[in-house]
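Chains here go by letter, A, B, C and D, matching the order in which they are written, and residues are numbered from 1 within each.
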Amino acid sequence: MDLAKLRQDAAALLADGRAGLVIGFRERAGACVPAFVTDADQADALVYDDTCIANLAAYLRKPEIRQRRPVALVARPHVMRSLILLKAEHQLQGDDVLVLAVGDDTYHGVLTLAEAERLLNETYADLATDAQVLAEIERLEQMSPEERARFWSEQFAKCTRCYACRAACPMCYCERCIVEKNVPQWISTAAAGHGNYAWNVIRAFHLAGRCIECGACEAACPQGIPLMLLNALLAREARDQFDARPGYDAEAEPVVGSWNKDDDEGFIR
Amino acid sequence: MARVGVFICHCGENIGRTVDCAAVAKAAEAFPGVVKSVDYKYMCSDPGQQMIKDAIRDERLTGVVVGACSPRMHEPTFRRAAFEAGLNPYLLEMANLREHCSWVHEDRPVATEKAIDLMRVMVEKVKKNAELRPIRVPVEPTALVIGGGIAGIQAALDIAGGGKKVILVERSPSLGGHMARLSETFPTLDCSQCILTPRMVEAANHPNITLMTYSEVTKVDGFIGNFEVTVRQKARYVDPEKCTGCGACFEKCPAKKIPSEFDAALGNRTAIYRPFPQAVPNKPVIDAEHCIMLTKGKCGICAKVCPTGAIKYDDKDREVIVKVGAIVVATGFELWDHSAYGEYGAGRLEDVINGFQFERLASASGPTTGEIRRPSDGRIAESVVFIQCCGSRDPKRGVPYCSKICCMYTAKHAILYRHKVHHGRAVVFYMDVRAGGKGYDEFVRRAIETEGAEYIRGRVSRIYRRKDGRLVVKGADTLAGRPVEIVADMVVLADAIVPQPGASRLAQMLGVSYDEYGFYSEAHPKLRPVETAKAGVFLAGACQAPKDIPESVAQASAAAAKVLGLFSQPELEREPIVAKVNEVTCVHCRACIQACPYGAIEDKEIKDSKGNLIRTVACVNEGECQGCGTCVAVCRSGSIDLDGFTDEEVLAEIAALE
Amino acid sequence: MTQTSTKPDAATGADAAAQPWSPRIVAFVCNWCTYAGADLAGTSRLQYAPNVRIIKLPCTGRIDPLFILKAFEQGADAVLVSGCHPGDCHYTAGNYHARRRWGLFRRLMEFTGIDAKRLFFSWVSAAEGQKFADLINAVTDEVRQAGPFDPTNPARKRPWT
Amino acid sequence: MTTPIGYYPGCSLHGTGRELDQSIRALAEVAGVDLREIKDWNCCGATAAHSLNHDLAVALPYRTLALAEDQGLAEVLAPCAACFSRLKGTAVRLARDPKLAQKMTEITERPYRGTVRILSIIEFINRLLDAGLEAKLTHPLGGLKVAPYYGCLLARGEDIVDDDPEQPSGMERALVAAGCEVVPWNFAVECCGGGLSMSKTEAVLDLSDAILSDAEDAQADAIVTGCPMCHSNLDMRQRTINAAGRGPHDLPVVYLSEILGLAAGIEPERLGLDRHFVDAMRVAERMTERSA
């Protein structure tokens, strides 16, 4: 991948004022961390490799970031999908963001959101769910309901309700999350038992038909809860049942919130 | 602190037989917040209601739960009683101890236990209930009627007669619609124009009716009581103020060979024209597509001969926005195009015509002045075959439904033909004769028994033109069980009735639903046949389904009655079960806006004092919201709630079931 | 529900084992079709199992997955969701929205250990009193077969420990 | 087209319809199509089987389809309209009814997965045109007026024929490409009496006479057909019709493949045009050399 070109583009965007901020990655203590570059001189600090999993689109909801629009973002295909979906959900304007598009060992250059949408549909139209995740979903589906309940009981018991998953997800942009709603309080905030169950299940459901499977939430979870199992399951169902392809069409209707006369109702008596 | 009153009704023996009402009242007394709990034989009786009213006053109740029959039965009764005692009616709830409990369970202890549960649920709910006030929506007391056929004219006249203003919009240059094209009408054979034209004139002259002919609705905004409708007035190129309707222009117009829409292409008209002599308004328009001046830039004869200088070649389309409180849709029907039927000549045989064309041939004002002459060579038709169900009841190539009026008008055609060509042969092919209606079957019998029409039950398999120019009609007589072959001069096809082209586009504009063929859907097939699911939009005539003239007129008057009812008050009062957005937490993802079946949620821009946009949020239009709550369930941040069924109320109910 | 004897929670209580367990089912129904269908079952005097507690909403479109979670949290042995048949919705499309939501949510429930045998969906029209009675009986029977909702299920509310 | 197309001649192409066989093969050669006769094919069942025994009526074409599949043929041309209707009709029924397919497998002891696509003569010729035959039509017929006659089997049968049953148009493109003028006429799908050909010949005379008369009224120089039964009724029986005091008719009845063959510059004898009862060689006289 042409990292030098990426740095050069980032510097140029900042230098000629096309972007007020470049969000990318830099190295710190041997790990990739987000970098917020406002000065063309600092662009050389930018790096990119496979370990850069964080979905930088999650920062776009922050007011201090929004102030510096247009913002340029180092984005792999999943992150580009996040941006398209944010636009579909009216959280972004087309010209709020520029994309420093990185793909499989390729740097695609600086793209507008519309160009990123085209690139996605032409080159990255079939981003598949991680094979290991799929295999694990199938393994769980083979279990009895009781075994599955036990599995998730153990997983959710680890949850400390730090909400790092939520912070890492660009689609969790609600200013007041449902878990923080207290009149009435639907979801117990105590880090235990049914509250943990309800939180994790509702978090996943609120991403049904919206999760682009970037994996940032699971990566962010300090407790190692396999959140992608829930997300990928719903992504699979949304795709199989309703042809959902979130993040490929900035004009698409939301999957939950639209309907089709022929939607499956085999399960309804 | 909540002060809830509980009232358990025995409903005579209906509840009391299986539910121990006294025990339920006693158990309810122990519920937190309940300050009074009693049981009584007939809670809905005067003394029963008085008991509730007294308790509301004496105990300063903040909520009431009546355990009795289904709320579908007596909720309005008890809420009115609460209101009369000074309690907001929405602070009263009913628990369904009869339909959902005593009538469906026999075991007394089990039923009593369940009744106590049902009471607890409603007590918990009512403690969370908020006072709600009926929503008042101002009503603009002007109606829009779309379509100037007989249905639209009737609706407009009735509304105007009731003292309210009407704007009547018609797409073509004249009022009258299809009825103006008919020769005579079944089953009385009175002249269509003789009964219609006076109504057209009346509509045009009525002080309460504003006529907008040659105009189309292009946009509909707003909601019941408050629609804003954009109407495009097509350029007429003739100043109606100056024009006297003298007719010098169309007598001299050199573009004479334009097929007349009014005469179903059997006659011609000029480029500057009025559709027919009795047109209302009786002033010509220029058809820009065919006018030599407007297409080629030279001619100008009409302007030269016009004594008042009314011709304006530079006229332009105009859009006007009108404010109305109700809309009556009366856009009518069209005939199905029979060229899909190859066996009937695929529309290529000149002497195979449709019902409207026959009407024009039979009409004294038509292109043949009422003589039944075949279009190909103008000879009197000595033998005419009429084919019913052309396209109707044919799920494969036509439409599956019955077009309803064809049996009747075909009988009329056969009679009219026999009146005009005494020695002529009128043969009718039919599948069934459906002549339900006052005097209808008698009329068909008359055609067969005294007017000499030959009715053959069966279908026609092929029509072709012989070398001598006559048509050969081959078919089956399924009663006699043999093939028949008839030589005819003309074939009249009773084409299926279909909606106007563009019907679905108008429906989408109006927010009215329509069926798979494009006919508009009524709100309820039995009990609300005139309303649509869109509040404030009503239906009249064949835009809803095939209808004859009396049915169209009846429905038009019904629609007018609905409109007048709506306009009888300056404000509209509706149940306050509507959604509300918490603008502080709404992040404007627009899921609710897309999900709302009524388009009742819109963007709202929040601005600071200087007018700078701070952010955009969703906003429910109370006038349009019907209170289904679909938006609430799609809102991830819990920023919408539904009055009457709030999250808090529902949660309290679920929690009460622990 | 105050049928103290029927509460599986009451297993912690001393006298609980004395009475047999009976399913507790929460039904979320729409006002226009299923609630009216239940009314019709009543006016027709059809007898059915007493295990269902109805919570009335205007439309199935109003039914948030949170309602279902909450019902299980509170210890319901099963949840029934019922509304108007497709095409019959009083609000034209609320049931279509609901159907899609359930199509996804029930998968999630199943996957996280709430047996599909505890979550029921149906269309019952205002004319289907008999269907309503049959449905309640069938659902009650099936839940009885499935047994009480496991008190250790992660969705289930437990005393603070 | 390099993939071979299966060929099912059926009985009539080996008998009365030999010119259909000849012209199809000659045309395929010009178009460069490899026609492979299905090995060991059997009767399609159009004769008596379909009115006598339902199982037999399906089993006969089933066996042929199974053979074709086994021989690796994805498409099979059945030039005879009756064969086409039997084969395609069977394929349609098998696809609709898995139980029937199972039964046929048992009866014939052959599996058939339903992969074979059956082509009518019209579909076949349109396919050739798509694949470049149009450019090879070097001898257009100089405005020969033709009445395309479909009869029953090339116009009817839901899911069997992909054309409007009341006003089919499948032949028109090929005829126009061959330089003919298609005349509008009324009898393109009327019955020729084929089913009564042997049992009630007088009925055939009536029916065929009406067809010939209408084509003549429409000033057609020839009737074009794709069906050997129609062909024999209209061509062979023309003399009998005249002898019965009708007509008199003298109207050539030619196959679609013969017309296309002529336009492709194939000698009329090779197409079998000299084998007709009513002189059809005069049609060949209309061949012109296309000026390049």
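Keep this in mind: a residue touches a chain if its C-beta (ideal position, glycine included) is under 8 Å from a C-beta of that chain, and two chains touch if they have at least 3 such contacts.
Here the structure is a predicted model, which is why all the values come from computation and not from measurement.
Chemist: Please give the intersection of the contact partners of chain A with those of chain B.
Modeler: The shared contacts of chain A and chain B, listed by label, come to C.
Chemist: If you average the Cα atoms per chain, which one ends up farthest from chain A?
Modeler: Centroid comparison gives D as the farthest chain from chain A.
Chemist: Return the chain label for which the distance between chain Cα mean and whole-protein Cα mean is smallest.
Modeler: Looking at where each chain's C-alpha mean falls, the closest to the middle is B.
Chemist: When the C-alpha atoms of chain A and chain C are each averaged to a single point, how far apart are the two points in Å?
Modeler: A distance of 34 Å separates the two centres.
Chemist: How many angstrom lie between the CA centroids of chain B and chain C, rounded to a whole number?
Modeler: Inter-chain centre distance comes to 38 Å.
Chemist: Could you please state the distance in Å, as a whole number, between where the Cα atoms of chain A are centred and where those of chain D are centred?
Modeler: Each chain's C-alpha centroid was found; their separation is 62 Å.
Chemist: How big is the gap, in whole Å, between where the Cα atoms of chain B centre and where those of chain D centre?
Modeler: 53
Chemist: Can you pull out the residues of chain B that are in contact with at least two other chains?
Modeler: Touching at least two other chains: 595, 634, 647, 651.
Chemist: Residues of chain C that contact two or more other chains, please.
Modeler: Residue numbers touching two or more other chains: 65, 70, 93, 97, 101.
Chemist: Which residues of chain A are in contact with two or more other chains?
Modeler: 178, 186, 256-258
Chemist: Would you please name all pairs of chains that touch?
Modeler: Touching chain pairs, listed by label, are A-B, A-C, B-C, B-D.
Chemist: Give every residue of chain A touching chain C within the complex, in rising order.
Modeler: 137, 140-141, 145-146, 148-153, 156-157, 178, 186-187, 190, 192-194, 196-198, 201-202, 204-205, 208-209, 229-230, 233-234, 237-238, 241-242, 255-261, 263-265, 267-269
Chemist: Could you list, by residue number, the parts of chain C that touch chain A in their complex?
Modeler: Checking each residue of chain C against chain A gives 65-66, 69-70, 73, 86, 93, 96-97, 99-117, 120-123, 135, 138, 150, 152-158, 160-161.
Chemist: Under the stated contact criterion, what part of chain B meets chain D in this complex?
Modeler: So the residues of chain B touching chain D come out as 341-343, 346, 348, 462, 464-467.
Chemist: Quick one: which bits of chain D touch chain B in the complex? Just the residue numbers, please.
Modeler: Result: residues 164-167, 184, 186-187, 190, 214, 217 of chain D touch chain B.
Chemist: Can you list the residues on chain A that touch chain B in the complex?
Modeler: Those in contact with chain B are residues 89-91, 173-178, 181, 183-184, 186, 206, 253-254, 256-258.
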